[in-house]
Amino acid sequence: MIGASGYGGLQTVRLIQSHPHLRVTFLGGHGSVGRHWRELAPFLDPGPDLHVAQPDPDAIAAAADLVVLSLPNGQASTLAPALLERGLRVVDLSADYRFPRLEDWRQVYGGHGAAERADAGLCAEAVYGLPEFNRQAIATARLVACPGCFPTTSLLALLPLLQAGLILPEGIIIDAKTGTSGGGREARRHLLLAEAGEAVAPYGVEGHRHTREMEIQATTLGRSRPLRLQFTPHLLPMVRGLLATVYGQLSPPSCAAAQLTSHFLDTYRHQPCVDVLPVGVYPSTKWVRQTNRALLSVATNPHTGQVIVMAALDNLLKGQAGQAVQCFNIMLGLPESTGLPLAPFYP
Amino acid sequence: MIGASGYGGLQTVRLIQSHPHLRVTFLGGHGSVGRHWRELAPFLDPGPDLHVAQPDPDAIAAAADLVVLSLPNGQASTLAPALLERGLRVVDLSADYRFPRLEDWRQVYGGHGAAERADAGLCAEAVYGLPEFNRQAIATARLVACPGCFPTTSLLALLPLLQAGLILPEGIIIDAKTGTSGGGREARRHLLLAEAGEAVAPYGVEGHRHTREMEIQATTLGRSRPLRLQFTPHLLPMVRGLLATVYGQLSPPSCAAAQLTSHFLDTYRHQPCVDVLPVGVYPSTKWVRQTNRALLSVATNPHTGQVIVMAALDNLLKGQAGQAVQCFNIMLGLPESTGLPLAPFYP
Amino acid sequence: MIGASGYGGLQTVRLIQSHPHLRVTFLGGHGSVGRHWRELAPFLDPGPDLHVAQPDPDAIAAAADLVVLSLPNGQASTLAPALLERGLRVVDLSADYRFPRLEDWRQVYGGHGAAERADAGLCAEAVYGLPEFNRQAIATARLVACPGCFPTTSLLALLPLLQAGLILPEGIIIDAKTGTSGGGREARRHLLLAEAGEAVAPYGVEGHRHTREMEIQATTLGRSRPLRLQFTPHLLPMVRGLLATVYGQLSPPSCAAAQLTSHFLDTYRHQPCVDVLPVGVYPSTKWVRQTNRALLSVATNPHTGQVIVMAALDNLLKGQAGQAVQCFNIMLGLPESTGLPLAPFYP
Amino acid sequence: MIGASGYGGLQTVRLIQSHPHLRVTFLGGHGSVGRHWRELAPFLDPGPDLHVAQPDPDAIAAAADLVVLSLPNGQASTLAPALLERGLRVVDLSADYRFPRLEDWRQVYGGHGAAERADAGLCAEAVYGLPEFNRQAIATARLVACPGCFPTTSLLALLPLLQAGLILPEGIIIDAKTGTSGGGREARRHLLLAEAGEAVAPYGVEGHRHTREMEIQATTLGRSRPLRLQFTPHLLPMVRGLLATVYGQLSPPSCAAAQLTSHFLDTYRHQPCVDVLPVGVYPSTKWVRQTNRALLSVATNPHTGQVIVMAALDNLLKGQAGQAVQCFNIMLGLPESTGLPLAPFYP
């Protein structure tokens, strides 16, 4: 586990603690080198009996078979090549390998240091870690790029419609609502409780960097003609949870919610981490809080021919660390939800 | 003030307390008859020195010139005719007079008792209390039907575009996010902190009863051809505040955000309770918390030809009681924002 | 499981779902008879495949060996005798059997119907279900009365000091802070998010009904001379969690925090559900959220000779349903924390 | 106004905006020099038409008669002497002048740079800005040191008892609960919504730096023999608000709540910003949110001879900026609550 003290790292370690077949054998980091896990997380007991170490590839290879990278964008790609060379299999939680073409990554995340990346080959090889639509490729992958919370939620809502040609690719809107833990554990003013509490506001309305990733994957995995999306994230006064409300034009416009729900049920019938709600029951993020489960519901507006898909998940589990463990399970040939909580402690 | 103990009543009394030209002279209610205001609101000091009384029209007429009705839907219309006969001017916060045609109201709110209403004439006479687009009619009205928080926010966002023909009437989507106080002060399970805290969920996705009201007013006040809207409200874990994110297709599709913002600035230049933010600055509900001000921001997606208008207000002030006082000010020839807070105590 | 739809019932069913040796075979209730579990809890999948039934003792005895009663105070005692007669073992989450003398219960909870209770024998037989201080009695009990969140937290903080005579019995203060889920799932105005959000207030400051229970148990389990407590609960704007800050006079007054911490560590060394933090590290309710673990920390004020014990737990698990499962584990001879989560998903 | 962009500065500017006799004529700061107020606070409209400038004493003296210093501890004392020399009257919101003896300040806040302070004379001259107990001295003061939220709340609760000898000075406990805005606007991890949300925890349990200030002022203003306090602050998941629950031993122990309440009513009868609630009504921070009002309630425990005083206020108004304006009003001979909100917009 590299990047131990952020929320992604905390969740991953916590999940592995109760996983019957995985164990944390190396904790890598930068800011907290030399500190014991116990200091970083006095609330996780018993945590791994480990100190945080510099992420040296040889040391990692000596200790582990699988690596999760939970590092800021642009840093995973400085480490992944060396890990793969040493025969490790890598699941990356950053955006570094989510674009099959390095050039696309550069356009979105470019800037400081982006010019130096020369791993276009790995970008092409990396497998997009959305198990429900990419299981086979994940099973044999050396390098998996897990989508984050926004693309996971949005793609789970959109792909069944795109694949079946039930939605027009033009004019699709994703209105997303997220808790503040999605912004990470670094102290930033707008994520203070005093600022974000009792407030809701949109951000990144024009050209959010997740938009391009979703457009590319919606086209690829959705087997659709190229499309452009409007993606509008909103910051909500809660810790965890992500809800995406996805709008589009039905094709044909008269398609009924019951029919669409039935199609979604078919699509996700054998997916242990995705459930489809009955028509008229809408998902709450609270129903999936601290689980690796996504809940979907489909509605239609017969007056306008629009479809509305609502998708809820926990941004730090199915939207981040849980998805990584789900990918590990697939890579190891284990039942896909091994060690993953699927039912919440409500409320 | 009739309907004193709900949130609408509390806000109205509080606003009038610091209003230089209004005074609360009668408190009417049902559940709390005989109780002193001080018991209902130990936190409002000094509140009016009044006991809650049965809303008898003669007693009201003897005590007051203006009446605010803050009653459940269907009840205002049992009282308003008698009040108007006695020469009182009435501002109603319920939906009873928001539809020019009684028949439309029946379709949406019909059910128990709806058949008995026989005040189609008053429905036709009542003025829709959205000051920014109906000031002149409000000034001379006997009966004003104030729009609630969802229609106010949505119409402030939509009308400038519709009036100028800058948006296609087809396919407009209103994705709204509201605090739980919009659900009123009656104890209901889904509004408990334990249920609504740390959660976001959509509700009323298909055929919410505010949709029809917005469609009719958007057509009338927006001088548009008839339109159908997709309106999706979401319940958020906060007390106050409403944000509407409104999506539509631009006409022409290449219109720029700066140009649209300029049009919004023109529209609202002389409106003391509405402000337009610069391009790229998005409104937080916290910026208008406990004020009678609405904040708007306009963005565009050049790839898709879509416009995104974001509108924030306080659901209990500009979305309810503050708007009633704003209407009173207009009816009395006072400066429109008299006694109304416009700047928040942040955070 | 009797009383399925409240928070106690929800937690119990959820815990049993992932318990390796327990299974829900009967769901009893009053308000929701005939409804399927799936309707009550669409978020718990897969829940038990059961409909809620009237809690008929014969039907319960036919289906189950162990019963959890999660009913309002005064109702458990109308059912427990019949269940015990049929050879079932019962864990009660209400206050009905927490007082060894029925008379004490009557003084605190008396009123409607209290006069009719004639099960003084069962009151005397019932075992107080605080495993850390009553394990042996629980192991062989027919009837266990689990303490709720406030007494559990307070007694875990106080008993080590009382047993060792390190605190004066006079003048002890328990200042407790609780999330709103402790108030149950029934809709009540003061528990609405709009009311309880962004607020803190004390309640029941004089003679809260938990005070007497704590006084009796502190005397009995603490082997102390009779004592009177000041207990002040506060309602906090959060869903789950309970923190008690307990104050008293040290005996001798010069006792150091390190020494007391060492004594607490000794006391709880073999208790899997209680941990003691190092001096200077104070517990957050978030560190135990959705776990069955209590965290304690001890501080002293050398200027005043006071001891301050801080204790945090999850009010619905270690403070309610988790404690019931912990008692079941003991009654069945299983490892005490079987099926109980001890590490949180932070944040 | 010096220190414009923190919460203290924001509140002060907002209050002055609606004050009939004060105007902001100079905005000083460090981090944000050169920026226009409008950028710092897009939500405050119309704010002062000013840019933030270096706090040069001559420039300040040229622009203003009164100065509010809202700077980090240790910085006010580098500026105040020069301002006083130029004839300005200063209200300081930091701790720099809250101790009559510089030596006491050094002991508590000492460390980097503390040794350099040589303004012991000013420390002795400065008036402690608690209007309810120090009005006359404030009226003529050149330099007022406003107490912050914890001492204000605690002293309002304690002083009536101490002055009348109704409480023993030994063993007093202040258990305080505060919203996160009290921690300021600087980004710090533990104040993130993701960390502080859905959590309560104590901090600074041993030797919090406010304790000494309260002890000294309780002795001085309370006309008591020297006393030592136990002060335990807790961080709560809310933006604003402070509740102190104060415990002590009554003298005589049989004193009744009604009698004590009557004494409190007498003490605060002519204080416009403090109200005393009837016996059995306990204050919520929500009842004073965004007001300059403190609410008190007194209870007793006849079994233990203890008194419990509960005091609630808004930490940023009566606990900070509102108190500064209250002091200004007194210094200018204005009615004390001029321009200060006293009634909340509930909820």
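Brief remarks on what is shown
First chain written, first letter: the chains are A, B, C and D, and each begins at residue 1.
Everything below uses one rule, namely that a residue touches a chain if its C-beta (ideal position, glycine included) is under 8 Å from a C-beta of that chain, and two chains touch if they have at least 3 such contacts.
These numbers were taken from a predicted model, which means no experiment stands behind them.
The fewest steps needed to get from subunit B to subunit D, moving only between touching chains, is 1.
Contact with subunit A and subunit B alike is made by C, D.
The chain with its CA mean position farthest from that of subunit A is D.
Mean C-alpha positions place subunit A and subunit C at a centre distance of 37 Å. One finds 45 Å separating the Cα centroids of subunit A and subunit D. Separation between the centroids of subunit C and subunit D, computed from CA atoms only, is 39 Å.
In subunit A, the positions touching at least two other chains are 7, 179, 181, 194-195, 197-198, 237-240, 284, 286, 347. On the subunit C side of its complex with subunit B, the touching residues are 7, 179-181, 183, 185-189, 191-198, 237-239. If you check the complex, the residues on subunit D that touch subunit C are 170-171, 173, 175, 177, 179, 194-195, 197-203, 205-206, 228-230, 232, 234, 236-241, 243, 245, 247, 249, 257, 280, 282-286, 289, 299-301, 303-304, 306, 308, 310, 312, 347. By the touch rule above, subunit D contacts subunit B in their complex via residues 7, 10-11, 14, 17-18, 41-45, 47, 181, 197-198, 239-240, 275, 277, 281, 284, 286-288, 290, 293, 295, 316-317, 341-347.
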